[in-house]
Amino acid sequence: MFTHTHALQYEAKPDGPDANYARRLQEVLGGQWGEMTVATQYLLQGWNCRLPGKYKDMLLAIGTEELAHVEILVTLIDRLLDHQPLKPDSADHSKESAAAYGQSNPQHAIVNGGGAYLRDSMGLPWSGGYVTASGNLMADFHYNATAEMQGRLQVSRLYNMTDDKGVKDTLRFLIARDHYHQMQWLAAIEELTSDGLDGIPVPAAFPMDEEPPEFAYTFLDASDGAEAANGRWANGPALDGTDNTLSAAPIAAHADAPVLPPGDPRLYGTPPVPMQGLLQKAKDALK
Amino acid sequence: MFTHTHALQYEAKPDGPDANYARRLQEVLGGQWGEMTVATQYLLQGWNCRLPGKYKDMLLAIGTEELAHVEILVTLIDRLLDHQPLKPDSADHSKESAAAYGQSNPQHAIVNGGGAYLRDSMGLPWSGGYVTASGNLMADFHYNATAEMQGRLQVSRLYNMTDDKGVKDTLRFLIARDHYHQMQWLAAIEELTSDGLDGIPVPAAFPMDEEPPEFAYTFLDASDGAEAANGRWANGPALDGTDNTLSAAPIAAHADAPVLPPGDPRLYGTPPVPMQGLLQKAKDALK
Amino acid sequence: MFTHTHALQYEAKPDGPDANYARRLQEVLGGQWGEMTVATQYLLQGWNCRLPGKYKDMLLAIGTEELAHVEILVTLIDRLLDHQPLKPDSADHSKESAAAYGQSNPQHAIVNGGGAYLRDSMGLPWSGGYVTASGNLMADFHYNATAEMQGRLQVSRLYNMTDDKGVKDTLRFLIARDHYHQMQWLAAIEELTSDGLDGIPVPAAFPMDEEPPEFAYTFLDASDGAEAANGRWANGPALDGTDNTLSAAPIAAHADAPVLPPGDPRLYGTPPVPMQGLLQKAKDALK
Amino acid sequence: MFTHTHALQYEAKPDGPDANYARRLQEVLGGQWGEMTVATQYLLQGWNCRLPGKYKDMLLAIGTEELAHVEILVTLIDRLLDHQPLKPDSADHSKESAAAYGQSNPQHAIVNGGGAYLRDSMGLPWSGGYVTASGNLMADFHYNATAEMQGRLQVSRLYNMTDDKGVKDTLRFLIARDHYHQMQWLAAIEELTSDGLDGIPVPAAFPMDEEPPEFAYTFLDASDGAEAANGRWANGPALDGTDNTLSAAPIAAHADAPVLPPGDPRLYGTPPVPMQGLLQKAKDALK
Amino acid sequence: MFTHTHALQYEAKPDGPDANYARRLQEVLGGQWGEMTVATQYLLQGWNCRLPGKYKDMLLAIGTEELAHVEILVTLIDRLLDHQPLKPDSADHSKESAAAYGQSNPQHAIVNGGGAYLRDSMGLPWSGGYVTASGNLMADFHYNATAEMQGRLQVSRLYNMTDDKGVKDTLRFLIARDHYHQMQWLAAIEELTSDGLDGIPVPAAFPMDEEPPEFAYTFLDASDGAEAANGRWANGPALDGTDNTLSAAPIAAHADAPVLPPGDPRLYGTPPVPMQGLLQKAKDALK
Amino acid sequence: MFTHTHALQYEAKPDGPDANYARRLQEVLGGQWGEMTVATQYLLQGWNCRLPGKYKDMLLAIGTEELAHVEILVTLIDRLLDHQPLKPDSADHSKESAAAYGQSNPQHAIVNGGGAYLRDSMGLPWSGGYVTASGNLMADFHYNATAEMQGRLQVSRLYNMTDDKGVKDTLRFLIARDHYHQMQWLAAIEELTSDGLDGIPVPAAFPMDEEPPEFAYTFLDASDGAEAANGRWANGPALDGTDNTLSAAPIAAHADAPVLPPGDPRLYGTPPVPMQGLLQKAKDALK
């Protein structure tokens, strides 16, 4: 259960309107790697977590914080949308140039009446499919670390696309939180490992003797790039705690070309069964 | 540029048909974490890579291998779809029980005529949005490691959902490759770090003195779980190479509740501007 | 900003597992009219609301409550997924019949490892496009009332699809809240009207003398159903506060069939310009 | 069954081309609240309607009229797309400024060759998911009223984004029809009520004594906005025809924090079962 | 502009209910190749057609007919949904077996209350993206012929999935219309050619001397299948009216491996620019 | 199984950067008719093909070639994205005008860091739903021919939207391949026919005496366009090898208006059953 306060976790006040930039900020609100994704993903992982205690508690804590970031971005975008030009010729009377008018999102005016929404910077709606909660914390924490990296990367890029000091101040806050959250997930991965809850390869509980070992330690090279095997991934000890060694080999085929049987004739595929057409053709040739 | 051989990288021959299981296998072919995703993601990251040499070469090598896995899964599903029952009463005459008929995917028959397609196990089409190539290898390699973890997790689960020995043999191959590929990406992350190309937090090149430090090292607790801060993520040295220490604090507001200005009256939002309705109401009250 | 407590707003404890029903409940969690929609929609309308005071405060209050309903449904589904059968033959050993196995969602096991996710009962991911915040409260409150009606309708139907007393207890709570929330939005529409903030037709601020009156009060009948005009919508006073009368008429054309000019020849549409093909044909005919 | 005439229900002739505006008009053709939605929604509700007579007849009549509006908008967009500039430097030679070029939709030229299509103003394809036909007319008529409100709102905004008199003339027609159609649905809601076919709360047939009354009449406040309960929704008689009174209360928890059982070990979630990792860790500590 | 009659173009009356089959029929109503696609596609091509006369008139005539097919399928599905079992145990008392219950679509009950909707047999909403109207009739008529082929194929398969005589009667009508419509589009392609409006390759108006001829007449073989070039496509005269000859050759590279320049450092890609990391690493090595 | 070479099938080197044009090229990379579609479609049709020999071999050969075209377009877009302006005012210092800035895709910078991705020119992700492999080669080869026509049409239009000679050189290559591939599919259709594998109507194996002949040879005219029947499609011999004649007739109804039974009362549709509301109303009237 949640409670809400109208006060913001951090200030979200641009120096002036900028409809072009408001559209760009949608990416980190409603895009694949935006705040909607991390908020709902951490909450869902927390609710689904079947191990009571620190991991579950931590997930619900951070998921709830991310809801505050959604709120911050919505507020920032709303303010940037003040005075969005409605026609090309209006653009001349504000700091938005013709270029910025061209970049602005018409739905911000037509659909939302000057407000943010749950879509990315190209207008694609946010999707529940962005959210992963696999039930395996090791796999999910790696995804969470990824999300904070892609997120901080995008905000850092956006930071270089504006001169508005108010906007930059808010972005600095978000960049710092993404900085911390990257460390948080990497620390949690360390802790999962030291708690013996999982390991590499994920899931560690799959019985390793079911795997054919010749495919578990070899980089298979299917391209002609000269340096593909000159990395740690094809040299040195395995990273799974066994005493195997990583190596490289060219890709090779281990099975013949497949031959599929004819399909069910009630599905009218090609060929018909029995091969009526070919038979008929043969018959016709005999005439 | 690519060339293709009809021979398979690994055998894909089930002992018998199983339309129920064919539908389930679609998840690791055309689902978010399936082979279509990793094949196209590694290729795209490789093509977009602006650093010539080992990383680019390795990406194109593995992306090309994953195309062979797409081919293996398509072949496996095609064979499992032989004799897909077309009506409920047909189900009695084969090993598929009524339960399995219920689970089967009607599009496998109606749309594909007994063949695989690029959708997941619930029929959602594979999306190019699953593919991320951010231009930052550190962020992307973490995503790649995640993809191999989620992928191996799903195949391991599918392994426990069938008794078909031919299917299990193919899955063992895929599980072993996912085992290797997890190590590959973790090794590549190590190598990126030791090559000095990036670090934590990603992107390391964003100037750290632009960040407010009070937000970069603190776990902010927004929930009442008792153990949320009892982890490595709120204790001990930072993981970013600085000498900061991680700590915890309750979440707090740092800005007042936002007050947005009235919108553009040409957008007909609420309130109208000037506050006609309220004014009118006041006037009416005076009558 | 939000804070979270682990305690639930209402109990979510089924008497036993039921993977079939877990799949069905996804509809009111992640479907178009599910709890994810109303939670994010009310919050977004609240954040975007440019009129400080009771409406904005109410929107943020109810949006926050709906987050607790998301949490309740996730918990309920998680528990219903205990012991989800992984193969058809396992189904015999639990209360799930073959029928229920057939209905179960394979992603609940393969993707989520026994947990809820943000998709509907047919596996379509929840979409940010379900959320509308138009900036016009009158239009949005009608949508909100609709959402509570469709939502209560769906939960009432689900109530008739199970005999599990624990599940039914939770659904009764949700049905009661949807009952209240329907009244809430209808009351808010009354209040918006009495506050003079908008009226019928929405938006009332569009100047009515810009409208051609012959199209503003007439039911146009384009079908041959005998009773189409036998309703209030074609008889009696207008509902917009004017003294116009509603009436009916058959649909009629008011403009000629459009003739479009030829397209830009650089776009290679049909016809080519000048009508080369026809010209050439004419020339050929002369030979 | 339908028949078609080439004559238009209303004129759709802009004074001149405007590719920027053509893109914007896509919103009310192929957007969530556009003409495609209302046309197919009313027809589907009509076909699915299990109550013969005036409601069914009226639904099919208006759905058929809306098809004519689709036709009008397609025609209007087609004409606005004449002379769409294909390169930036062409923009100078027409009334389209650089700003307008930037806003134009490249698919109008590349994909459609100068024609309209079934997408919104940001290029998202129209979705069958926009259409609701729940089988409950009371719920659906509220949705229909909403659709006409959101639709009229969007067209009214578009009206303020152009100076083209021909375009404005067509929009006036659409605004007037949306005006009438709002009244139509509100009248139909009145009529459904007076016919005793449903009531508030929808569906009225769900037995009210199954609902816990303490949750059916109370505004639960989960936020700290001071005025949230200062509205009709928390004061005065209920709107469901009972003699209950609406009131307000702070949100409260009614159930303990949920504890989920460990998952199926065959799904490789966290924790493993039995808690192997933790056990192993304990054993290791004893060495 | 359209008018509608309640009478159906053809009867749509199943002998009995069958919720399983109702779900399957959704494929040809709301799937990619269903009636919604052809109806809206032909109408859109007709409206957008810039060549007045027979082609435009024919497109609008057939698009209007297809709307009647949408109506027929909706009606058929509605009737098949009578008595849809709401729980597994109800299934025993009707002709629906457990298998059929498993296949049934829960949204038909929960969302639609026993009615059809605009989604395919796996629950994916119909998409406006299915509709193509390129402005080039030759390209579009080939697509239309395809649509009638895929459509007739699907209905023929569905015909083999039921024993209901009423259903089969309706399907025979649809199969016959798809038979005719295939011929219609192939005839229209002939006529476009004989009218000189376009030819092979489409668009014929692109100047052929801009094409490198060595790539315009050669089958390039990128796979090791022995018989790939043993077809008409690699032998005999070209099909474009020129006197070129088709031939085959192995695929070959015509350009060096691309080397991309480093990216903009403000985007924080890998590598950083200048190669700070590597430089720093070199410096550190010197210490 | 595939192998890859870094060398390109054809050069992909623009003369200069052009972010506007890079966005447009996304259409033929990741749009419905782009290279991703044809590559994966031909491969899937090849893998699923149940007839060994020339058709299967040819499909896999061309699918593999199309992967090289994906690579070429990605490379071309990457190079066009060099120096993408990050802010409006940067636009002045390069050849990109304000118009071009407005057209540029912000995700190219924010999400991809200056690289291509798998979306179309309006930012819609590529979908596995674009790919059809029906199991019937005749139907699929018509779709393949369509794809090459729509593809060549789009590239030809793009050719007229740029003056960059390097770009135009690459496009000429693609246009020539599409030229050849159109002939390839038309030749393959001829060959399928002469091999007797299928015919018109597709599927030819559906027993023609099951069709009502009065619907199989008649153009039904549902619109008032004067010339709709003045084409080959309504005159002359049938195109299906029979001796029937094509003709035309106005559309007519062949069944009464459908009357649906009341729905299941447990679904709370309108009307309630028994007609409680109406009964109650009658009772009230008696009071």
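Structure notes:
By written order: A, B, C, D, E and F. Residues from 1 in each chain.
By our rule, contacts are C-beta pairs under 8 Å (C-beta built on N, C-alpha and C of every residue); 3 or more make two chains touch, one makes a residue touch a chain.
Small disclaimer: the values here were computed from a predicted structure and weren't measured.
Listed by label, the chains touching chain B and chain E alike are A, C, D, F. For the interfaces A-E and B-F, the C-beta contact count is higher for B-F.
Separation between the centroids of chain B and chain C, computed from CA atoms only, is 27 Å. Distance between chain centres (mean CA atoms), chain A to chain B: 6 Å.
The set of chain B residues touching two or more other chains comprises 1-9, 32-33, 48, 50, 55, 57, 60-61, 64, 68, 75, 78, 86, 98-99, 101-103, 109, 111, 113-114, 119, 122-125, 127, 129, 132, 134-136, 138, 153, 156-157, 160, 203, 206, 222-223, 225, 251, 253, 260-261, 263, 266-269.
Interface residues of chain D, counted against chain C in their complex, comprise 5-13, 32, 53-58, 60-62, 64-65, 68, 75, 78-79, 82-84, 86, 109, 113-114, 124, 127, 129, 132, 134, 136, 138-139, 142-143, 145-146, 149-150, 152-153, 156, 159, 172-173, 175-180, 182-188, 190-191, 200-203, 206, 210-213, 215-223, 225-233, 236, 238-240, 246, 251-258, 260-261, 263-264, 266-269. By the touch criterion given at the top, residues 1-6, 48-52, 55, 86-89, 91, 98-99, 101-107, 109-111, 113, 119, 122-125, 134-138, 192, 194-198, 203, 205-206 of chain F touch chain A in their complex.
Residues of chain D touching chain B in their complex: 153, 156-157, 160, 266-268.
Contact residues of chain D toward chain E in the complex are 1-9, 30, 36, 40, 43-44, 47-48, 50, 57, 60-61, 63-64, 67-68, 71, 74-75, 78, 111-119, 125-129, 131-136. Interface residues of chain E facing chain B in the complex, by the touch rule stated above, are 20, 23-24, 27, 31-33, 96-103, 120-124, 153-154, 157-158, 160-163, 222-225, 251, 253, 259-263, 265, 267-272, 276-281.
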